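Common to both upcoming complexes is chain A, partnered first by chain B, then by chain C.
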Partner chain A sequence: MALVTERIKTEVKEIVYDFFADECEVNKSEISDQTNIINDLDGDSLMFLELIEIFKKKYALEIELKTIGKYAIKNPVETIGQLIDMQILIIEHENRILELV
Partner chain B sequence: MARRVVVTGMGIVSSLGLNLESNWNRLVAGQSGVKPITLFDASMNQTRIAAELPAEFEEHYRKYIKKRAASQMTRVTKMCIVAAKDAVKHAGIDFELYDKTRCSVIIGVVNTGNSSVEKNTTPQNTVFKSMTNAMSAWISLEYQLLGPNFAINTACASSANAMAFGYDMIHNNQADIIIAGGADSIINKEEIQGFNALYALSINNDPPEKASKPFSVDRDGFIIGEGAGVIILESEESANRRGATIYAELAGYGISSEGYNIMAPMKDGKGMAYTIEKALKSTGISKEEVDYINAHGTSTELNDRYETLAIKQVFGEQAYNIPISSSKSMLGHTIGAAGTIEGIVTILSIYHDIVTPTINLDHPDPDLDLDYIPNTSRSKKVQVALSNSFGFGGHNATLVFRKY
Partner chain C sequence: MKNNQSQKSSCQDPGSRIQIVGIVGEGKMGTSLFYFLLEFPFLLRWICSPEADLEKFHKTFTIKALRSLKTGLIDQQEHDEILNSTIISSDPEQLKDCDLVIETINEEFELKRNLFSRIDKIVPASCILASNSSSINPSRLFVSEARDPFIIGLHYFYPIPLKDIVELIYTEKTPVEVRSRVEYFIRKTGKHFISLNESNSFILNRLFLDIQNDAFRIVEQKKATFSQIDDLVSSRLFPFGVFDFMDNVGIDTMLASVKNYTSDYPHKDYYQPLIDKLYRLEKAGKLGLKSGEGFYTYPEGIKTHADSEKALSETEEKEILDYLSNTYINASKRFTMQSGCTIDEMNHAIKEYFGIEKGPFE
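What follows is the complex of A and B.
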């Protein structure tokens, strides 16, 4: 289990906000933790996968997509805040994230 | 109850421009879109010229497609989306006012253009870029349409077939509005080499604008073009109810398979003639009523010879009185998009009473003695016009348009 510091949490939030602002062509100031990814940003599920790839590389995570998929089925993500929380859990627990279910 | 099918909107992107108006103006002016290839280094290819879209397209499409969606599309798919959105806008349709289960999309697609010239293909987007149903799906998504959306591949007749099936769906009361069309680009090293190996392409590289010369004695093959054409087919009832401008009626069509050869048309144009006959029969329009034919006119030895023979077989002496022209002399051969792009040229010929020329017809083939509208467009009352499309594999299609 990795220690997720406040610095990492801030970093994750910054990356997620920047990613959606860039991909969805919206001003970053228009995004909040309550923003709905599909309804408000016209986003798609692939974005979630792309972000996971970004974090896997950045933090050298050992986690399989199918593991995340199983977790996400039971813990669906709709908002930016929920997505950030899940990314932090993935960084923290990697493949053991399913033990949280 | 069989219903009449009308055309209420059109969109084109091609080498002659990125909108309908510039395309029509330049076609009437008899201008060529053929230039040296810039999409890749063609210096080692036998054919080094093509009718590419203007470079401005790379900026132009951004006004139509969001970055996120664009990253999942090929350049060809983007062409199709731009033409489709222009066509919908041209038609003035607000899909929110329609029963979306009766609005469909049918796109002729030979390939999506996910070739060696396509940029920014990644493992994450390669499937979306390669799906031949991507264009119809993206258009359907754009307007959240609930009628069937699908792709048709009949080679160079693909988008003509798309319009034909669209006609059937409206005619048979299965739909009220069809977004029909096609998009294509095979301007890449591998496919040009492939067509060169079949001796299908012109190798008269200099000057580029003179290379595509249908019906000429010195024609030596076609020139590849790229682009997209999309039309809005609508039931007459729907169009009249909303007071739409009707550009022409799609009166009927003929499609057929030659069962003869994977590349060559049936000898003496028999398959082509059968298709034209079938198209006319579907409408009840007499041969004497046909005022113009937009030919397949590829500038290959066989097509132009056999298409001429086919027209003579169908129309007899009347063939000499019908102006015929090849848009490919200006646009090159846009393959999967050709049926719709040339259909649009035909519709606009009816709407404006102007027939566009076959350019580069300076040395007519003495065996091909019909009126091919050489080099200069012509004012002519056009009540009924045909548009021919013939594809590798023996796929034939003739569309019949009538002034409304």
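What follows is the complex of A and C.
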């Protein structure tokens, strides 16, 4: 289990906010942890996929997209805040994330 | 986007000889393929249609490259290299130095054939032309005696990063050397593949067609409705419903595909009721999700159905599930034997295709 420091948490949040601001062409200041990804930003599952890929590479994570998919089915993500929390859990637990379900 | 520089050496492997890759088409498959291949050390030429908003595609590409830089996935030099070495254009002449071109344009035979005829005159003699068609055999796209050995099918599944399977379809004219180059290319992108001759092309879609067809016959026999079948299938067999799938793909695309798949089947009459239904829907402009109506209706994009009849009994549900499960297993066995693929290959291919945990032979 990886140790997720405060620095990593801040970094994850920064990347997620920047990502959705870029992809959805909105000002970063308009996004908050409560922002709904689909309803407020018109986001989609492919964006989610791309974001996961970024984190996989950045933190050299050993986790399959399918595993994340299974976790997400049981723990649906709707808001930016939920997505950040899930990403931190993925970095922390990688393929063992399903043990949390 | 991956570190381009660090992977350059593997690109120079003597066996590869595919370094410059062209993608034609800016639909969801073309876009997915472009960004997927961008992760690997190929030089990309993405050719969009004249109607495409090139500025928008450039902007998206630039944003993604900049993001890779900002998140530390690539450094400034790599970022600049990616930007300088990638071409996004509506001019097919940009394909002139390609080793491989993959077309992902609309599923229309004439369009694809005309495209290949045009590209044939632009690309080098040894360039491989691949079609991502899901129903048109590559030999139908032959353009000239010299080029034909270099025309193959390369059938990716959407979304490409998630589907670890590619169907490589070769023709009677495909030399071993061309197959090897393409197999090497696919392996380099980390994908599994199955090699199929044209008699067994698009085997995964054909397999699913058997299930779709039998599901439709159950509805025709008034043993269940579309939504009852879909509810059963999506909760017990696959992650999606049979008729949901067809509505999502598009009724017109489904009709063209089913006709292509069954055209040389000795028992094609067995599929005729489904073909007739698809034809009626298409004629009525009910093209599925994209037109707002198909097997289901989608007011404001949300699926609805008008089923108000009583629920199926447990016995009826079991009977239907047993029937469709048998179709699934039998079709899996038959197509595995026909194709010459190994059981392991087919298990993997089928699991990836349907997005399921266990294959038919596990």
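Note that in this section the second predicted complex is superposed on the first by the 101 of 101 C-alpha atoms of A that agree within 3 Å, B and C clash if a C-alpha of one lies under 4 Å from a C-alpha of the other, contacts with A are read in each partner's own complex, and residues count from 1 in each chain.
Following the convention adopted for this analysis, contacts are C-beta pairs under 8 Å (C-beta built on N, C-alpha and C of every residue); 3 or more make two chains touch, one makes a residue touch a chain.
Everything numeric in this text was worked out from a predicted model, so none of it was measured.
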item	value
Partner chain(s) touched by A:30 [first = chain B, second = chain C, both, neither]	neither
Contacts of A:19 with chain B and chain C, given as first, second, both or neither	second
Touched partner set for A:42, first chain B, second chain C, both or neither	first
Partner chain(s) touched by A:65 [first = chain B, second = chain C, both, neither]	second
Residues of chain A contacting chain B in one complex and chain C in the other	22-23, 46, 49-50
Parts of chain B lying in touch with chain A, wherever the complex brings them together	66-68, 71-72, 124
Chain A-touching residues of chain C, taken from the complex the two chains share	2, 32, 35, 63, 67-68, 70-73, 159, 161-162, 355
Residue numbers on chain A that touch chain B, as the complex places them	22-25, 42-44, 46-47, 49-50
Interfacial residue positions of chain A with respect to chain C in the complex	15, 18-19, 22-23, 46, 49-50, 53-54, 57-58, 65-66
